[in-house]
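Once you scroll down, you'll see the structures, which are given as structure tokens.
In the two complexes below, chain A is the common chain; its partner is chain B in one and chain C in the other.
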Partner chain A sequence: MSTGNMNLTLKVWRQKNNKAKGKLVDYKVSGISPDMSFLEMFDVLNEGLITKGDEPVVFDHDCREGICGMCSMFINGRPHGPKNAVTTCQLHMRSFKDGDTIVVEPWRAKAFPVIKDLTVNRSAFDRVIAAGGFISVNTGNAQDANSLPIPKARADAAFEAAACIGCGACVAACKNASAMLFVSAKISQLALLPQGQPERYKRVQNMVAQMDAEGFGSCTNTGACEAECPKGISLENIARMNRDYYSAKFVSEDEV
Partner chain B sequence: MGSIANAFSSSIGKKLIMGITGLFLISFLIVHCFLNSFVFFDNTGVLFNEGAHFMSTNWIIRAMEVVLMLGLLMHIIQGARLTFQNQAARPEKYAYNNGNANSKWYSRSMGLLGTLLLIFLIVHLSQFWRVSRFTGIPTTDAAGNEDLYAVMKETFSNIWFVILYVLSMISLAYHLLHGFASAFQTMGWNHKKYTPMIKVIGVWFSILIPLIFAAMPVWIYLGL
Partner chain C sequence: MSAINSNIPEGELTDKWTKFKSSVPLVNPSNKRNLEVIVVGSGLAGASAAATLAEMGYKVKCFCFQDSPRRAHSIAAQGGINAAKNYQNDGDSTYRLFYDTIKGGDYRSREANVHRLAEVSVNIIDQCVAQGVPLAREYGGLLDNRSFGGTQVQRTFYAAGQTGQQLLLGAYSALERQIGMGKVEMFTRHEMLEVVKIDGKARGIIARNLITGELERHFGHAVVLGTGGYGNVFYLSTNAMGSNVTAAWKATRQGAYFANPCYTQIHPTCIPVSGDHQSKLTLMSESLRNDGRIWVPKKKDDTRKASEIPEDERDYYLERRYPAFGNLVPRDVASRAAKERCDAGYGVGSSKLAVYLDFKANTERYGKIEASKAGIHNPDAATCLRLGTAVVKEKYGNLFDMYAQITGENPYETPMRIYPAVHYTMGGLWVDYNLMTSVPGLYCTGEANFSDHGANRLGASALMQGLADGYFVLPYTIGAYLSKEISVQAIPTDHPAFAEAEAKAKGILDTLIGIKGTKSVDHFHKKLGLIMWDKCGMARSEEGLKWAISEIQQLKKDFWSDVRVPGTADEYNTELEKAGRVADFIELGELMCLDALDRNESCGGHFREEYQTEEGEALRDDENYAYVAAWENKGDGTFELHKEELKFENIKIAQRSYK
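Right after this comes the complex of A and B.
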């Protein structure tokens, strides 16, 4: 952990638009405080670029407190950088050393086309959700706490799946650019609870079909997604999705 | 019926085929390894040839041989298709990717390991399976069975074949090290009580079976 301010070399992916060919461009940043977040370091870089009259680096960000899922940089060969279970906005410069060279690239997947520089279009995830990641009931007023008994372990598993912020780090980390960790989390958070049951098997079929249509790869169980997920979503969700998918396709008599 | 056909063409269905055929091929490895272990117990080859004779004349085994070949073909074809499709899901590669930080190299190299095993299989099948099934073995052993053991001795008198077999079994070990537990996960069999057990069994299986196989050419080369 360094205490003084740092000077760093950045190799940042610059790409004008989706059609243009991109390349890594070298930048020097100096006087970086170890207490800055990675995105604040990029703000410093961009202020320098704007002062010089150059185009700033375009990157996604919103809440900067690790809960919105907007930030998305592939830092030194890993989504969200070298720390486990953090988003890029919660990655601090104390995780790097003075004089380091840092390579920053966008998420790379056919289903996530680059919009500009480090920003990719993740609306494929929205379309997967729209295909079935919801429940079609009027939930009405909040019910009595014990009117729907749910075992604690089950509620916890649903809650853990629901922690997914949809940032796409799983797709970025996977050698196959597979979205199965994301899709399985969005299926599991509903499949584990009573409200999700009526549409359970229709949901899994529609969401998997949309996932395939978007051009994501398939899962080869390398576990890279689970290791890189900022919210620690477990591979158990993928197994649950597979089970639900087989039940829907091979057991259920309903055709979707 | 449409739903079932459509299931197998989805990303999950394609993986299911890999898992089912993979587990089936694992069951074949157990039988193959058990019977071939006879070479360690009788250096005249009579015991081994007796086993080979049983395998080539029993009709259940012969029928399963067809199923095995179909399973193998499905595993290879589906594996190749998945590898290409998965590569196409990321048309532009990362300039710098630190894959070792989040996964094991062999879990990311199943296509490469599988290709090495396919090359080995072509050599292996032409050396033994083709000879015993089609071209025939002229010599017989003391018990009057076809002397497949003599073919083995002949093949493994060549050090290069011994080396090829040992290296191929290392590829098999790494292929299984990922494939064994991965097949269960794909089938959806992820369970708090059983998954840790499957992982341990998977590691032992991946080391022991290829080790016994690799010992055979070495054993015969050394004339033990």
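Right after this comes the complex of A and C.
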């Protein structure tokens, strides 16, 4: 069993609720093992707070293996912390040094209001998907799965876009709080596949309209979203979405 | 003890489902609009049911405790989903999938349910592809398959190591479509705390808005629980942190029987525990056993590095003991074999509680094939390794990355270290053929029910069952009940039964807050987990189980007198949520031990040390234990056993052999 000997100073955003004013609060944690995940380090912090009679820091997390997209945390100015292509739950303390000071904030975006401490409301993403992030096929209407061959390269490209976990790091990383990477990943996945063609142009218009209505910012092509995405979702998706968005203006009304 | 009726339709096994579908009463569209269904849980089994019921025209309310239905833990399933498509032309069929599942479950599941599962398996793949789920394909554009444990055909469809994610996002998009159309009302960050029963029927739920702490009353003509498994009773498992038994457990308080609670699946290939800070365990997909060979050193307490141990000093114990299935034996068999080697002193790594999963041989094999494709004759070892590594990376890249991330080791260079961990629970709420629990109008789908996997689930069958239940089974079977409810008006939630249920939920929350003890919720959860893992885990004994029961009873007393839950009940309070869940886990833990104690045999995931063959294999007792143990919660800490006899009319029940 590993024993930890790292001592850290944490500056953590505490905010009682959506209406309260928040602030950074300093905490010390000790006995941290380099094999712990960042969230397990927070478990140690919270256990200490509870034992002292204080309220623990509230943060979103669930699967703790980098796939559910629930964990967030803006760590030392970067969503999901200093390592590339990982979520906060996959970030291990071996990425930090004994004596470090670590600043931990919630996602910051108008469309993601803070609920409490490090927890924010990302329901805007669900509403964008509800606006068109699907193929309209009711259960029981499908033909045999192999009756529609799809070139492997195309299927792989759709899969890469579909790998998005909806965590919102792209929005948090963006100086404009734009959701273009998230929205374009779903649009690309479906636009790349033959099954997605009938609703292709309607979908892009509806989803972009909902994205704008939710208050996400515009894209100015800085690429911070791609750099910080834990799943490596590519900027190409944004290019595909833009192309389809403009194409939609020129296709016949029957298709939109 | 009394017998219970599973409502299996009459007739030939292969005709039961077809006949049922043709004869089940229908509900006309105008009546569907007035019938309300509550679905709790938004994983594969919940989201697919909610979406499909809404498509059919019912009014649906769906609840999940996460911030979005897309977070449900189905998302973490890695390896794949089975279907009897026979796309590989390797002799697969509905019957073979049925047979493998019954045998894999060690002859402790219901024939009729499993056959139905095998029948609808093919529709699932069609449905998911139509939704745009990007399953893996071959260069010809057709769908690819791979092998999973306990089968000799390739019937597993997959999307890299993220099959659960892709299937869940498919179901999620279908659900969001219905939400967008106003046909499903979605309640995220809500937790079900009570089932409301009126005149003996499930008529709604009490749910807590986790943000505000407010208790809400929701009416439904029927209630569906798709709330997942209870593996977190062990504290450490591959389940998500929030996965819990609370909804199912509250249902037992209203009369729903809990079946086969002791059947838990310990998955053989997980990353070993690294320290006592650990909050959860991570699975390495069973698909890795397609190309990874499992071994330990032949010498006890060997401290050499894996690379320093020559080939003839390695014990490929699964290949040795089970030549026919080799590394692809079912999970229960592989887990016990790993435990046996480690207990005997052959384990590896610093804890000695691990075995190697080694990709070297197959990497070289792939390298040779690739070299030959590229026209390189007599390639050297370095070339083979380079080309083979690229193939392995394509197949399992994300899993290798995950391993490297967690352990800090490079699995392309050194074998992975793995050890069994709690992964899935075959037990769950008892349901009949219609997926209805013993409470009329209360249904249960997916991992939360007990129905299809017997005493052991085969790999790539959980996704199949969750989606089968939600897309293709429940939407039909629930019609049998709802067709008789068309004249029932929505019951106003000021009905006394709602008030009483709400008061009960509030009482528990207030009690938890009021204890103001000295120990955190996690303290009790960890203690419970240790008891369960030691005495009700991979090996169980009468003595150990009796000890565990008394320990858990003491733990329950300590919890209710000394737990500390900070904050209040009328705010966002994650410790309060955990406390309620752990309170239920403690009661369930005791029932699991009771069930394991009752079952004087070994079968599948339930291994009683007293009942094994000379070679250490599980020894079933079909004469006395071929039944489903359905436990009735009496509410005073006691449970009454009801037995559903399992009849095998189409399969000859036999000693399960993978040799």
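Convention: the second predicted complex is superposed on the first by the 237 of 256 C-alpha atoms of A that agree within 3 Å, B and C clash if a C-alpha of one lies under 4 Å from a C-alpha of the other, contacts with A are read in each partner's own complex, and residues count from 1 in each chain.
By definition in this document, contacts are C-beta pairs under 8 Å (C-beta built on N, C-alpha and C of every residue); 3 or more make two chains touch, one makes a residue touch a chain.
Note that the coordinates shown come from a computational prediction; the quantities given were computed from them, not determined experimentally.
Trainee: Let's test your reading of the overlay: on chain A, do chain B and chain C clash or fit side by side?
Mentor: Once both complexes are aligned on chain A, chain B and chain C fit side by side.
Trainee: Is A:M211 touching anything from chain B or chain C once the two structures are fitted on A? First, second, both or neither.
Mentor: Only chain B; A:M211 stays clear of chain C.
Trainee: Applying the document's definition of touching, compare chain B and chain C: which contacts more of chain A?
Mentor: It is C that touches the greater number of chain A residues.
Trainee: Thinking of the overlay built on chain A, is A:E47 touched by chain B (first), by chain C (second), by both, or by neither?
Mentor: In the superposed model, A:E47 contacts chain C only, not chain B.
Trainee: Based on the superposed arrangement, let me know which partner A:M36 touches: chain B (first), chain C (second), both, or neither?
Mentor: second
Trainee: With the two structures laid over each other on chain A, which partner does A:A224 touch: chain B (first), chain C (second), both, or neither?
Mentor: First partner only.
Trainee: Identify the partner contact of A:P56: answer first if only chain B is touched, second if only chain C is, both if each is, neither if none is.
Mentor: second
Trainee: Give the angle at the C-alpha centre of chain A formed by the C-alpha centres of chain B and chain C in the superposed arrangement, rounded to the nearest 10 degrees.
Mentor: Spelled out: centre of chain A as vertex, angle of 160 degrees.
Trainee: Please provide the least distance in Å between a C-alpha atom of chain B and a C-alpha atom of chain C in the combined superposition.
Mentor: Minimum C-alpha separation, chain B to chain C, in the superposed model is 20 Å.
Trainee: Note which residues of chain A are touching chain B in the complex, please.
Mentor: 11, 13, 24, 74, 76-78, 82, 103, 105, 108-111, 173, 175-178, 180, 208-209, 211-212, 215-224, 227-228, 235-236, 238-243, 245-246, 249-250, 255-256
Trainee: Taking the touch rule as given, give the residues of chain C at its contact with chain A in the complex, in rising order.
Mentor: 48, 51-52, 55, 66-73, 75-76, 85, 87, 123, 125-143, 159-160, 162, 165-166, 169, 172-174, 176-177, 179-180, 186, 188, 211, 238, 240-242, 274-280, 282-283, 351, 401-402, 405-406, 408, 471-472, 475, 518, 520, 522, 564, 566-567, 571-572, 574-575
Trainee: Show which residues of chain B lie in contact with chain A when the two form their complex.
Mentor: Going by the criterion above, the answer is residues 2-4, 6-7, 10-16, 82, 85-99, 101-104, 107-108, 110, 178, 181-182, 185-190.
Trainee: For the complex, give me every residue of chain A touching chain C.
Mentor: Those residues of chain A that touch chain C are 1-4, 17, 33, 35-37, 39-40, 43-44, 47, 50-51, 53-56, 58, 60-70, 85-86, 90, 92, 94, 115-116, 119, 121-123, 125-127, 129-146, 148-152, 155-156, 158-159, 162-163, 165-166, 189-190, 193, 195-196.
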